[in-house]
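A quick write-up on the structure given underneath.
A, B and C are the chain letters, set down in written order, and residue numbers restart from 1 in every chain.
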Amino acid sequence: MPILEGKGVTRYFGGLAAVSNVDFQVEAGEVLGLIGPNGAGKTTLFNLISAAIPLRSGSIAFKGKEITGLKPYQICRMGLARTFQTVKIFGNLPVFDNVLLGAFFGGEGRIASAEAASAAASALEFVGLAGAVATPAKDLTLANQKRLEVARALATCPELLLLDEMMEGLNATEVNRAMDLVRMIHDKGITVVMIEHVMKAIMSVCGRIMVLHHGAKIAEGTPREVSTNKTVIEVYFGERVDASNG
Amino acid sequence: MGMEKTTSKKILTFGLVLLLLVVAAGAPLYAPVYTVILLTSILMYMIIAVSWALFSGPTGYISLASAAFFGAGIYTAAIVGKALPLPLMIGAGALVSACLALLVGALTLRLKGIYFVMFTFGLVELLLHFILWWEVTMSGTTGRVVPPAGNATVFYAMLIILAILVLTVFMIRRSRYGLALSSIGENEEAAAHAGVHVTALKIIVYAVSALFMGAAGAAMATRWTYIDPRIAFNPLVSFVPVLMAIFGGIRPLYGPIIGAAIFTYLEEFLITRFPYYYMLIFGIFMVVAILYMPDGLVGLTQRVWKKMSRRNHADT
Amino acid sequence: MSRPLHRRNSTYTKGHPFAGASAPVVMGSHMMVTILDIVISGLLLGGIYAVTAVGLSLQYGVARVLNIAHGEFIMLGAFITYSLYTRLGIDPLICFAICGPVVFAVGFVLYRTLFTRLRNTSPTPGAFEGNSMLACFGLLFIIQNVAILIWGADMKGYTYLAFSVDFWGARFAANRLVTLGFAIAICLVFYLFLANTRLGKAIRAAAQDPDTAGLMGVRIHRVLALCFGFGALMAGLGGALISISYQIQPTMGLEYTMIALIVIVLGGLGSIPGSFVGGLVLGLVGSIVTHIEPGLSLVAYYVIFMLLLLIKPTGILGK
């Protein structure tokens, strides 16, 4: 049974279909890439999954249970966490508190303070921010703020993690470090779905890729399959993306 | 490391406040009646300002309904005052206000913040008109009398309410719910996605803040003894605590307390000296405070301190 | 608080829009006439609400200032008209041309000084909205106190065109008809202005998306200040209209602000035509409720507000 499944997922903004009748399955433990030109509906799809916005029609199930119509906090507590395209951190709070919040509230049940603190500390350690615990979050670099968001998401003990353009705005070194982080998350057994424009990251980290265009799914498959798919190539202006280039 | 500093600072603050309360507690014993009455007014404003800041401070949802909750407490006392002893009457006032806040919160806090502000803004007028109509049409009365309690009794009632309030605020702030409230103020969507049930938390904390305002109202009713809807629902009460909290600083717990103390004394002074201008002066203060002191008096002194200490270190 | 804010002496004073109409707009004895009376009173009230709500919509929807002192500008318009008529004998309908620009100027200057500075010092748009709203709170008390100092705290009124006009077998009070006509005219003129002039289009662009409008060459800061000024202008005109038909008092502003807030939510936040429609709807509701149970119209508006928040917060014409 796929850990995340969507059927006929549709969302309109005004008269425009942002996401149009999309079916998708995500298998447990995989790293699924979600790509497409700007405005293809990728972030909207994430917003529909995490219940940031409601569906117009269709249904979404997580771990076999219907999550359409639930609130974001409920979905988080079930084990589905996400990051945001425009980083949403708590700027005036210290780094530690940013993650501590996730530890306190994101788990399935009530957690003791000491446990939450240690979960927050491990999450920060995992992403490499252990040295900055007292820094106000707004004083971090963009790359570190994105890591902070990941740490907060990880502190909620997710089984599935949605990463929205984690590598946007990062330089080459930072991108490599981010890719390593994704691999580390994958190694922990957490399923990852990532929206990305940085092609080399997608191609080398993802086991499977889904392509959206104008709100509809136009292709799906392994990196090699997708990069040689005619429709995908047309959509990306005829540029051939070679999986072996990494 | 930073966390420990903040915690010990908080405990120090709490200790100081406690000390002040203890000193103030002796007032009816050694101070003239006028001072006790003034102190009671100061306590009243402290309660409203601190309650207001409990919710509106960290979350950024600016409630303009303080007068409604305070008034609900006053009017509850007016209705049940003859039948209940003081503590129960205060409890009733608190409960009615809390229920009113739950209603308002349930209606508006699941929507964008602007609806909340608009709705709370009109609440005082609404309650005033409704109760006025009800009293004239249904009960046939225009005013009610509350059995008076002595000045010292009211003073101690307010002191106790304030003490419990300060304790409550202190406990909430250092708990996970205090963190959640701040995170709601920073980025509500992210907080929701981190597992915080934002709507429920907002509504409950709002009700808690109203609880204390209602209790204070019920207690003060015994001092004014004659209550009619216009006395109970006074829009100025919504406005002044906001000013006090901003002037004294929203973030620290003692900020609204300091602001309330300064302003109540200032108000007494201004009303006696300039009875026709005090609204004008307060309004000007408000505008100036918003323009030049967004962090409040506390923030201002912090910034001045920082500037001064920077001048002493040549290499900073 | 030992001294309450000064209040009106009675909610049921003659000639107050929220009390029963002291003299019916239409005189006669038939059921039809009663209905006509209610409808016309409703449209009159609605016209006033619409004018003031459009003003607030400009200020909040475009300039992003939740002007809770809006009612005070209305009050200023009313009192300026009152003074000009009772002291100098200037026809109230001509006073429009005076108090409009005066209140506009006040609003424009306030925006250029106070709100622009707030805009520059607020870290986020949300902070700006909050700070500007609180600043308006301060303005509310300043303006009201100044008004009390100038005009005293009592209720005032004047008679103007208080004769009846015969029409279709029924009689109408002339001043109320004229007020209704002017309210409609003001809204129409404003609509044409928005639709056809360059400035009007700039305002609509700024309402949709201030940043893009700025990039497209709209001098956004000037447009925002003008919008705020126009909002104040509408408030001033609304106040002038009110002063013709009803009695006025320096503390009248708060209720009108409340009503304008309800109207813009009813019509849909950010929609100027919505404010117009919402105003008329609410006016009709008010007239009906006043007919059944005077003194409850404000409560009725609030009940509508509550229902709106429960069912469709985006309002009639909102997105």
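The rule is short, and it goes like this: a residue touches a chain if its C-beta (ideal position, glycine included) is under 8 Å from a C-beta of that chain, and two chains touch if they have at least 3 such contacts.
Because the structure is predicted, anything quoted here is derived from the model rather than measured.
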Starting at chain A, fewest touch steps before arriving at chain B | 1
Chain nearest the global centroid, as defined over all protein CA atoms shown = B
Among all other chains, pick the one whose mean CA position is farthest from the mean CA position of chain B.
-> A
The distance between the C-alpha centres of chain A and chain B, rounded to whole Å, is 42
Chain A to chain C, mean C-alpha position gap in Å, rounds to 48
Hey, how far is the Cα centre of chain B from the one of chain C, in Å?
-> 31
Tell me, which parts of chain A touch chain B in their complex?
-> 50, 52, 71-73, 76-77, 81-82, 84, 88-94, 96-98, 100-102, 104-107, 113, 116, 133-134, 152-153, 156
Complex interface listing, chain B residues touching chain C = 41, 44, 60, 62, 64, 107-108, 111-115, 117-119, 121-122, 125-126, 129-130, 132-133, 136-137, 230-231, 234-237, 239-240, 242-243, 246, 271, 276-277, 279-280, 282-287, 290-291, 294
Chain A partner, complex, touching residues on chain B are 1-3, 176, 179-180, 182-183, 186-187, 189-198
Partner chain B, residues of chain C touching it in the complex = 1-5, 7, 11, 18, 66, 68, 114, 117-118, 121-122, 126, 129-131, 133-135, 137-146, 148-149, 254-255, 257-258, 261-262, 265, 269, 293, 295-296, 298-299, 302, 305-306, 309-310, 313
